[in-house]
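Below you'll find a set of structures to go through.
The same chain A turns up in both complexes below, where it pairs with chain B and then with chain C.
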Partner chain A sequence: MLRRALRLGGGRGLVTRGPGSRGGGSTPGKDWDGKVSEIKKKIQSILPGGAWNPLYDTSHLPPEHSDVVIVGGGVLGLSVAYWLKKLEKRRGAIRVLVVERDHTYSQASTVLSIGGIHQQFSVPENIQLSLFSASFLRNINEYLAVVDAPPLDLQFNPLGYLLLASEKGAATMESNVRVQRQEGAKVCLMSPEQLRNKFPWINTEGVALASYGMENEGWFDPWCLLQGLRRKVQSMGVLFCQGEVTRFVSSSNHMKTTSGTEVTLKRIYEVHVKMDHSLEYQPVECAIVINAAGAWSGQVAELAGIGKGPPGTLQGTRLPVEPRKRYVYLWHCPQGPGLEAPLVTDISGAYFRREGLGNNYLGGLSPPEEEEPDPGNLEVDYGFFQDKVWPPLAQRVPAFETLKVRSAWAGYNDYNTFDQNGVVGPHPLVVNMYFAAGFSGHGLQQAPGVGRAVAEMVLEGHFQTIDLSPFLFSRFYLGEKIQEQVII
Partner chain B sequence: MAAPRTSLRLVAAIWSGSTRGIHGLGGAAAPEGSQKKGKTLLQFLSDHFYDVEFLREYLLQRQMLKVHQENRFQNKEWIRPDERGRFPLEFSEFPGVPVEAVDASGCAINYDGLDNVLLLKELRSLSLRRCPNVDDWCLSHLHPLANSLQELSLAGCPHVSERGLACLHHLQNLRRLDISDLPAVSNPGLTRILVEEMLPNCEVVGADWAQGLNSEPEEQPQDRASPVHV
Partner chain C sequence: MLKIIVPTIMLFPVTWYSNNSKIWINTTSYSLLISFMGLSFLNQPNNNSNNFSMNFFSDPLSSPLLILTMWLLPLMIMASQYHLKKEPWLRKKSYLSMLISLQMFLVMTFTANELILFYILFEATLIPTLIIITRWGNQTERLNAGLYFLFYTLIGSLPLLVALIHLQNSMGSLNLLTMNFWLKELPNSWSSNLLWMACIMAFMVKMPLYGFHLWLPKAHVEAPIAGSMVLAAVLLKLGGYGMMRITIILDPTTKAMAYPFLMLCLWGMIMTSSICLRQTDLKSLIAYSSVSHMALVIVAILIQTPWSFMGATALMIAHGLTSSMLFCLANSNYERIHSRTMLLARGLQTLLPLMATWWLLASLTNLALPPSINLIGELFVMMASFSWSNISIILMGLNMLITALYSLYMLITTQRGKPTFHTHNLNPSFTRENTLMSMHMLPLLFLTLNPKTILGPTL
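The block that comes next holds the complex of A and B.
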């Protein structure tokens, strides 16, 4: 293919003087015979049936022009692609290209997630996003219907989330539940006595209050959602490419603000997409770039020059998203909680939920800041379960004192080190890069809402349905944190 | 009028033509064999022309919208007590009588349609037999009826699975639950055991404990007990 074309000098020189034909005082006659045989070989290769082919196959490469390039093909990237195609004004108006580095999704956060969805946040926008996602998942076969394809079965388990709070966190929990109910989430508060009546397998020592989601909360199969989105988005005409974005080429515009300070606005006009296991790359000319690269969004933002500048300025503000490793363990406990067990989150941060009919449970714990495991690989540390996860779970659910770990896996959390909430919307200086990343563990459950918000921003210029202006990039420079009130 | 507190039985009219699946046009719900043999003209054309594909997608959307409209229409005139399809004359004289039983068998009620059933605070019996659009989400929506609901029948609903049955634990006053013939439940015998554990005061009918167990070969010794009684 390419190498063959290059070897033949790119089609220019057909007759190359090989090293053997030079040197030595060989007679002109002998030299001429060598040249003739070489020329004959070359002519034979050009003729039909020969080895030389100046036209080679580029079907694995992305197109040369695309209106929107979405970096990252996980649930957030595909959700943005879906809503862009759904909300475009004319059918086929926008050409969208999704670039995904790993088509097996082996390290993608989407598929390694436990698939939970809940509305028990304290930030109202998060609650609205989750409510919309619940209605999206409920009507998924209307949103993602493809003619001739079977309907999707998300295996949704509507059992809800149960959050426990100690004396210290009870007031926070009460105010959070008030906000949640205002936004329309069906959450109720339970006292320790009600907890014991409802879930007799819980040990309520140390628990002052619990909040329980009655509806629209539970867990589902993220792989099914991903495949459903992929199938629908392909039927709508979005192009897919397997490759890695290695470079952004942008043009700069030096402007002055009203107060006279100089500002450099950049526009990315070309994205270099490199193929796997090869030096081959394709420059894709584009109008808009969407950064939905999950745990690697920080690296993609650096490629665009975000964060390269003196610290403390807007040019020097990086995208503070980095990959953090989280473990999920699957264990079997024969006398464990029954079929009605919700996803229980303990005061210590340890959580668990039931998996299937056979008394299997899965759960884990977010480690504290100082003990974060190394995100270089996805290997599981079983010692973490023994030391940190099992004790609080066994204390909360006495049946878990006898359990047997079946397996475990690790996945990345696209952790926003600033305030652990997502980044949505355009960058103030690189004007055509839009973010949809950094959701720190709740990206899957907010993906439909965020996808719609980004599509509205791209197509209309402002948020229409859910106002996500508190999630813009500029908050990192201005220092305005939107942090969840964590219940201790 | 000192009418006695009669319990009203509400039966929805049988919509014979309406329970066509959402994917009836595409034929996707049909098993593989019949799909290959019975390809319609539109399916054939859509393989070859892009515009026909667009037409089929448009028709699909129309069909789905129709399901919604049927529910809304039903919500206005939800009650059809007579087999002949007429209102009994006394009905309009009982606006304050609480509804105690609703029979929605076979009708295309979905999640949004159930919102109207949930308004009936004294509902004792709900029958959702053979409803094609009742799924796990609908069952999770039933929790407001926890104080009054005593009888629930889900027989023959194709989209109800054990995950939906698990969220019936809110209905603590339930005395009779019918879960027969649920094709989406993966292990009916085990599900019945777990549901009985979850709802101790409820009589669960329809699923046999031994359902789902492999039948034992003849050579097994005779002193092996019959399926375990918990």
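The block that comes next holds the complex of A and C.
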């Protein structure tokens, strides 16, 4: 230091050496800046205020203790975190940790979804959830406002959903629309005549009835919602950790019910979070675990011991959520339906919507049970488009006979094999695991409502705003399906 | 005193040489026996001191604190059994050794004859406490907490060392027994003010006084249960005891110098009580309530009247037992739910009714319900401070109100209400836990019948 100062100071007075020595005098200067910030960081970590382990660097590990651990950082997990922090009565009351395996969200269902939201369900709770979500999304800049951050632009296209029904499904559609109207959704029924008048590009052959959502339906950008939630949730004090939950350490109590049957109630008191690409793991002591792992919720539930027991008993009832692969294809069709085209769902199940302003369309089809693709990877099968998706779409919209597929992607659907509706609420035997998973394709649109319901369950003990008791885990054991009336 | 000190030192071989399966029962029972032996110190027929040797004595002021210290060791050992279950034997024995060494230092501190001996032991108690907090605490913040604890108390007490050595040089002796007799008035100068500050600051930080209280919530929250118990029950009282001893020689300076500290205490009482109303972490709430109660004790000691000294002593004993019991209750919650947040453990009355009884009793004594000794202490302090200045009654009354508010808030949030789903399978209360709570509560209730024992030297 002294020598450098002498050299720099002496260099001017004495004989000036070449530029080499001057260059030699200044490069340590650049290095010194980096060193100073490193030293500053070290000092800051030592001073009171930081969690400092004298033996090795632990800044990438989650904290040793957290009140609530949310497994899964997708839209459902972040929504639960947001509402937990919003509904806690005192600021900073609950410590929440969100554990997400992949911070690039490369395989998460949230970002690979087409982002649609609609209220055309037959189960009233689903309709209520979507209605709340629509109002949440409309007012998103009031809910998710962060100081000094730019407002969110969700690119919500409120163009509605158009469901088509044949003769066979017309009665179901009418009763569904009645339920939807009762709940407050604005849906109108259209005859083929009215359809042709409104959407001249539709071929109404085989269509007996159509239901068209007029308000609160459409599609939006799921990435934007995810980033908005992430930003807001981090500003509210939720800790994020990149890691995978590999183990739940739990304690069991063998108890007897009032009728004398023996049950074993478990409580998870430690979650082992393993870091990426290493064997290092951190045991996080926790009071509550929320399973929002999307397509992998079934695996996480198995880690907690759910489903390990003789089949037919409550202990042996698994969480029936498994990943199913769904393809989404993007094609270009210059003569296609115009800007007013809603998201159209055909009688065959094929759907499409407009994407952007360049005559591009997104669409796909849910394959029947027997032809489910292998969920091992996210490879796209273009043959599926040729054989199964294109013909019904081309029949419904004649303009689609000439189209060119631009690209496609595949995403996981956290498919509930029991009744294709979500699981919300606590597990009867593992007392401190709450579920928010298994929504089989409509998780994104119901995330705000479900997050609030789970937060109410944790903080109050019962559902306060939307009663999601039909969605509890116990229905798998009792066999009570709440299935959507599918319109054929 | 050797009859107490040697058995306490002998507890070391008891822990290290006991059969592994018997360390808990051995240490608990022997420390309980030692505490029973110490009960003989309560025999104080007059205001004079019992002189045991050239180095140790006991006084109506120090004997209740001494008995509290000795009573607390078996309770601490009982409370630590659960969280040490999974540790290897060596670590369990080290933990017990820390507790026993702390006990030894504390016993000697409360009976020390001479102020420099008192100072050395006062500082020595910091080391086992620091080791307990930083090694066995629950979370990463415990390093931070240990640092705060150590440095606040050390920095506060270094001037005390200098002052004591100066006094020894100028007076020739710092023996507490003879201090009353060579009292001279301190001259009215800046140097006596500095001397006053140097002597008192150590104890102010230890009590803690409102402006220097930052270490207390951290240390209490991050410490394991035995650490919290001993911190709340005994270590804070070291400050009170030391202040009562040292203010004897600081005489007329106290009348003028005490004003800022009195203001800080009166204001701090209300501030910390109000913070309790907004706390979400159970242990943090109890820690702040400790600060609030100790502020009353500081007010009492600085006013220097006979009644206030009675109130201070009573309040110290009562608060020691109550606070320690509240920490044990909070710990029993934590062991079941693995979280300290009050909100997550609601409606426990239906699940654990006997524990709810202990919660109720502890909350009632915390809010100074008549006829408990908490009330006697607070009442005496309030009356003395009213006679010192009429206006202080407003602040003290407000403090009593807010104390009642947060104690009931704590009780209602944890016990009443609808139990949550994740409390369905709580372990029922262990006998060990019930014994622990009753051993806190029974002395408190019995002292209600004969508070003379704890009313201190000015009775």
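FYI, the second predicted complex is superposed on the first by the 434 of 488 C-alpha atoms of A that agree within 3 Å, B and C clash if a C-alpha of one lies under 4 Å from a C-alpha of the other, contacts with A are read in each partner's own complex, and residues count from 1 in each chain.
As a working rule, contacts are C-beta pairs under 8 Å (C-beta built on N, C-alpha and C of every residue); 3 or more make two chains touch, one makes a residue touch a chain.
The structure displayed is predicted, hence computed values, not measured ones.
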**Prompt:** Can A:Ile94 be said to touch chain B (first), chain C (second), both, or neither?
**Reply:** second
**Request:** Could you look at A:Lys266 and tell me whether it touches chain B, chain C, both or neither (first, second, both, neither)?
**Result:** second
**Asked** Regarding the shared-chain residue A:Phe156, is it in contact with chain B (first), chain C (second), both, or neither?
**Response** first
**Asked** Looking at the overlay, what does A:His332 touch: chain B (first), chain C (second), both, or neither?
**Response** neither
**Request:** Could you say whether A:Glu64 touches chain B, chain C, both of them, or neither, answering first, second, both or neither?
**Result:** second
**Request:** Could you say whether A:Lys274 touches chain B, chain C, both of them, or neither, answering first, second, both or neither?
**Result:** neither
**Asked** In the superposed arrangement, which partner chain does A:Met214 touch: chain B (first), chain C (second), both, or neither?
**Response** first
**Broader residue contact with chain A after superposition on the shared chain, chain B or chain C** = C
**Item:** Of all residues in chain C, those that touch chain A in their complex
**Value:** 138-141, 143-144, 147-148, 278-280, 337-339, 341, 343-344, 346-347, 418-425, 427
**Prompt:** Tell me, which parts of chain B touch chain A in their complex?
**Reply:** 22-23, 25-29, 43, 46, 53-54, 56-57, 60-61, 64, 111, 136-137, 139-141, 143, 161-167, 169-170, 186-187, 190-191, 194-195, 197-198
**Request:** Could you please specify the touching residues of chain A with respect to chain B in the complex?
**Result:** 91, 138, 141-142, 145, 147-151, 155-160, 186, 214-216, 218, 338-340, 357
**Prompt:** Which positions of chain A touch chain C when the two form their complex?
**Reply:** 48-53, 58, 63-65, 67, 88-90, 92-95, 253, 255, 265-267, 269-270, 285-288, 425-426, 431-432, 434, 457-462
